[in-house]
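Below, subunit A partners subunit B and then partners subunit C, in two separate complexes.
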Partner chain A sequence: MIAFLFKRLVWGLLVLIAVAVITFFLSRVVPADPAAFLAGQNASEETVQRIRAEHGLDRPLPEQFASYMIGLAKGDLGQSIRTRRSVSTDLKQYLPATLELLTFSFVLYLAISFSLAVLAARHPGGTVDGTIRLITMIGTGIPVFWLGMTLQFFFFYKLHWLPLGARFPIRETVPPVVSGFLLIDSLLAGSLSAFLASLKHLTLPAATIVVNLLAVGTRLSRAALIQEQSRLYVRTARGKGLSPNRILFKHILRNALSPILTATTMQFGYMISWVILVEVIFDWPGIGLYAYQSFQVFDYSPVIALAIVSTAGFVIINLVMDLLYPVIDPRVQSVGS
Partner chain B sequence: MILSVRDFAIGFQREGQNLVAVDGISFDVEAGETFVIIGESGSGKSLTGMSIAGLQPPTAFVSGSIRFKDREMLNRPDAELRKLRGPEIGLIYQDPLSSLNPVWPVGDQIAETLTAHGLADRAEANKRAVEMLERVRIPDPRRVASAYPHEISGGMRQRAMIAMALAANPSLLIADEPTTALDVTIKAQILELLADLKRELALTIILITHDMGVVAEVADRILVLYAGRIAEIGPADSIMLQPSHPYTAALMTSAMISQTPAKQELNAIVGGAPGLGAFPAGCRFHPRCPRAQDDCNTVEPPRRKFGAVELACHHPIEVAMSLQVARS
Partner chain C sequence: MKLRNGILGIALGLMMGGVSYSAFADDASTFVYADAGEPSTIDPAKANVNWEFTVTRNIYDRLIDFDLADPSKLLPALATEWTQDGKVWTFKLRDGVTFHDGSPFDATDVKATLDRLLKIGQGQSYLVDDIASVTVVDPMTVKIETKQPTVFLASNLSRIEMLSHVDIDKHKDDQGQAWFNENANGTGPYEFVSWTRGTQIELKRNDKWWGKFPEKPFDRVLDRFVTDGANRARGLEGGEFDLANFVPLDEALRIGTSSGFHMVEGNNLWAWPAIYLNMDLAPTNNKDFRDALVKAFDYNAMVQSFQGKAEVGRGPIPAWFPGSPEKEEPEIKTDLDAAKAALAKSGLANAKMKCSVPAGFPEFRFAATVLQSSAQQLGVTVEIEEQPFVEAITAIKSDKSNCFVLGNANLSPSDATKFFSAHYLKGGFYNSGKFFDQTLQDLVAKLPTIADATERGKLLKQAADIVVDSHYVIWTARPKTVVPEPDRIGGYRIDPAEYINARFWEMYSK
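Up next is the complex of A and B:
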């Protein structure tokens, strides 16, 4: 078990290093000069030179690379040219917002796709199954940016039900930071209105992400459920006189969990990639928006940091899922033991 | 009489055609007997057995009547049938590994038979599960109760299945090919266990099999099913020792020969059993029957009494001849 964990962690680390190296060189390949960008159009050549020297951009590429990697080894993700702060400080500020959006969307996605799959699997090929398939397919077919803006148009502009963007109303006091998740912090502060406000702000961005992933998620869960329904232990359960609901929830679901878990891991990867776009659409102050704004001024360090952080997130989720398999299915001996 | 089946038929609709799998069979099962239904795959024996418990495929159409303890089982709402499965009728199957839920401990699955019917609370049911495992002669019932199906042997799994089927104390056990997936010694043990349990618990057993060896061990009465029709029905001794129907005789002969040590010649019945929707006219066995004559091709043999048995054959084997056929 410990050997397995160690091996997986070493692998994860190698993946992270590879991602850092690749994004470092990719960002330098872009024919742009962040110093000139930062100095502005009317800046003199000396100013540009000075900024360039200040950020070490005048040194040869291998040297820049070496110093970046050494910094990385010490946990230093570099300086942001745009915010003039260390990237780590910026991440501390922006990461909780992204994590909250991701977690909320993920839970919503699991709940909805699972419920729809259960409904669809009751009568495969029936009306309910067909309707669910059609609706989720349309949801996936709609481009994320269009869906986000359409939701904004209806729920903000037309109906005035939900806010246009951001995480919290500007005029209200943000609850004191404990977990970094506004939903939790507002409850800890005992403020129901703050909780509802942050829930309202979460709704549209989360909906945009979830709708996009629903078709694949529902289809995969539905397939897993239908496959389990034809297993012989289901006949045994019926032979014991169990009700269809009991058979579904006590016997089939537990067995269908493993394939659903595999699908969910992959879906989580897509979720991370959609979060960046959704944060930009909804002005959500997370690392996606941060990286997007940094990229616009060719501020390299935050972009590389985003790649590393999101990869780390994916690696961790994969590891957690791998550890969950033996818990769900006793036939799967934990890979290491 | 615990079970009475009258003109029972079951079939499926495929491409607008009605394919009849079991075509109007009638038989009674007496309380306390071991009633064996024997036939090749496709004879309709499992469909018949499952229909008794109301577990026929939902797409099948049925007709006739199956009365269990004076209750009509056919076309009874599933909610009512469910109350009978477990407390009145227990079922075991061919493949105990796939038939057990792989992610549940064995004991929990046995206990569920009781808790789902509200017959015991959780703690009581768990206790009963261990008792049942002991009852089916599992040496270390406590350990097996907490084991997962893949952690115990094939024979133990089938014992656990039996424990699960009998946990709620049913009066009828339907055993669908219970020993087919097991090796010879385990098979003998399971059959012995079933015979013991039948005595101890005053069970009625309906055993469905294609294996003549199984029949010889346990049967009180035998029903020979061929292509959805009854070929022969009667006391086990008469049928085993003096098969009158050519099909039964052929089954007996092939069973005997396969049990002789030198298997030089496999005396299989010529041809294969007809598939669903391809049943021949007249006597359904006639294309493979060594005794077939012209009338067999066209006229369906009616069921009639013949000595100690009832059979459906135009030209049954006389007693003296049957011995000869069996020896040939």
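Up next is the complex of A and C:
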């Protein structure tokens, strides 16, 4: 197990280095001039040159690369030209909002997709199955930005049920930061009203993400459940007179979980990439919005750092899933060993 | 077990923490402004875009203000009197003014601010880069000497915000760049409270301000960063925001004429957008070819796209700008026959050109599309490439594109020479198509030295004519700025030299 973990960690590290190298050179290929942005439109050429030198942008590319990688090895993600702060400081500020949105969406996605899959798998090809398939396919077919704006239009503009965007009601005071997750911090501050307000603000961005992912997750979970339902051990269980719920939760689920987990891991990857769009639409102050604003001015360091962070997130999730497989299904462990 | 403990901990917090924290306070005097972006800095020496000015303009004061209705009329602010004697200007300062930290404002602050601004050389420093030296005469008097006599110094100082010399001295290692980037201590109507990255900047009213607030001013201002124009419009209409900038025109017109809102209209745009043609790259390096494009352009389509809230410019300087020669200029209009004649004269047939359009501005894209269809009538193919701003301007500057679409506004209330320097003189940042004319260079250098307004007007007309005759720019439209304001709010005025900015100290609730 330790050897397996070590091997996966080394692979993960290599992936991160490859991402850093590729993103570094890709960002430099673009004919942009961040120093000109920093100097401001009316600055003289001398000022722009001075800023270029201050940020090492006048140095040869291999030298810039070596300097960046040495810094990276020391945990220095560089300086943001746009925010004029270290990227690490920015990430500390922006990351909790994204993690809260991702976690909330992920839990919501798991709960809804699994429930729908169970419903659909009870009578494959039936009305319920067909309806679920149709609705989830429509959800997936709608572009994320359009879905987000449509939800805003109905639930904020027309019905006044949910807020337009942001993490917390604008005119109110945000609870003291403890975890960075407003749902938790509201409770820690003892305010149920703040908790509910945070929940309301999470609803539309999370719904936008979840609706788009639902079809694939539901279909794959449904297929895994149906496949397991046809196995002999299920027939035996039925024959023994076990209740359908007991058969599902005690027997089928554990065996069907491996393919479901694989699909879920893939979906989490999509979730990370879609969070950029969703955060822009809902003015959600997370790393997605930070990435969008950094891309616009070719702020190199945050762009590379964000590629590394999101890859790291994906690598970690994959690693966790790899470790979970043997726990869920002992056959995986025996094959691995 | 751990999970259960966690839940218990949260429940305990829920019971105990409620005493010290209240999210939902009575907040009637809070003003929420939806700004189109987040500042990169709040250092007045570097502030360069609209959403940075929003913050600095309300925290800091300037030596001089100007009448928004007549920008040539200067008004006292931190300076109460000023005189010019050749290259030397003398300013008498307002007595009894204090910074938000309580320290007094005097001539040392003016000197420290201007010295620092010119040393950093960013932001609005170009407006006062004619300054040679600043001398403290006494605590309430400061002398500024310029490199050559300039009549525009006082007017341009109305864009320069005054910092405390104590703050500058305290952080002099890096010229205060790190500190002023995210901290502020001004003498202005609002004090800086906090900056929540990605979300908002909070200000509170400075009740010791020397100026006058309206009867029901706002005690607290939240400057929210709302990047999406549709969200700003929807939030304004839905009551989340009290005011928003850069609301898309169709939304602004709809909201401004709907129940519970009124429309505030004004001028601040010189051209929106202007299309710059590359003087060095074929086929736009051919003057007759450029002339053909200017004449073929469908100006009516642009005016219609602004739903009538626009006119066609006759040159670079709008009629409402002090000393503008616009009224004497001939009309610029679509003339397809003349365009075809100009194209024939150019000797270019079936030409192809590329146009770089900064992304995020629907009007820019539309103008490029109008150019594309107008040019098509001449047999000219225009390829449009929408790119981020920096990439788009780099494309034309490095001769990878023939044209560049840009909005024009002048940040000086009455000095056109700074605009000309940035847009039409050699090395100007916005002179993306690399226009050069020695006579224009000389005229722009001479203009500030002319004391007589009539004489200055003549030279300004000559300068404008040179740009018009070169066919370097297509001024596609000059729209009015329209801002929908809720009926429950009052006091918003459009600043002709600051795009679409809010002077929070003039805003009040009804």
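In this section, the second predicted complex is superposed on the first by the 333 of 337 C-alpha atoms of A that agree within 3 Å, B and C clash if a C-alpha of one lies under 4 Å from a C-alpha of the other, contacts with A are read in each partner's own complex, and residues count from 1 in each chain.
In this text, a contact is a pair of C-beta atoms (placed from the backbone, for glycine too) under 8 Å apart; a residue touches a chain by one contact, two chains touch by 3 or more.
Note that this is a predicted model, so its numbers are computed, not measured.
Put simply, more of the residues of subunit A are touched by C, taking subunit B and subunit C as the two choices.
Residue contacts after overlaying the shared chain place A:S86 against neither subunit B nor subunit C. Residue contacts after overlaying the shared chain place A:R238 against subunit B, while subunit C stays out of touching range.
Of the two partner chains, subunit B is the only one that A:N255 touches; subunit C does not reach it. When both complexes are overlaid on chain A, the residue A:S67 reaches neither subunit B nor subunit C. Judged by the touch definition given at the top, the superposed model places A:D329 against subunit B, while subunit C stays out of reach. By the touch criterion defined above, A:Q227 lies against neither subunit B nor subunit C after alignment on the C-alpha atoms of chain A. Looking at subunit A, you'll find no residue that touches subunit B in one structure and subunit C in the other. Of all residues in subunit A, those touching subunit B in their complex are 231-233, 235-243, 246, 250-251, 254-255, 328-331. Taken together, the subunit C residues at the contact with subunit A in this complex read 10-11, 13-25, 27, 30, 32, 37-38, 40-41, 46, 48, 120-126, 177-178, 181-182, 196-200, 222, 224-228, 230-231, 234-235, 237-238, 240-241, 360, 388-391, 394-395, 398, 400, 418, 422, 427, 429-430.
Those residues of subunit A whose C-beta lies close enough to touch subunit C in the complex are 30-34, 36-47, 50, 82-85, 90, 93-94, 97, 149, 152-153, 156-157, 160, 163-176, 184, 186-194, 197, 280-281, 283, 285-286, 289-290, 292-293, 295-298.
Residues 53, 55, 79, 81-87, 90-91, 93, 95, 98-104, 112-113, 116-117, 148, 150, 161, 164-165 of subunit B touch subunit A in their complex.
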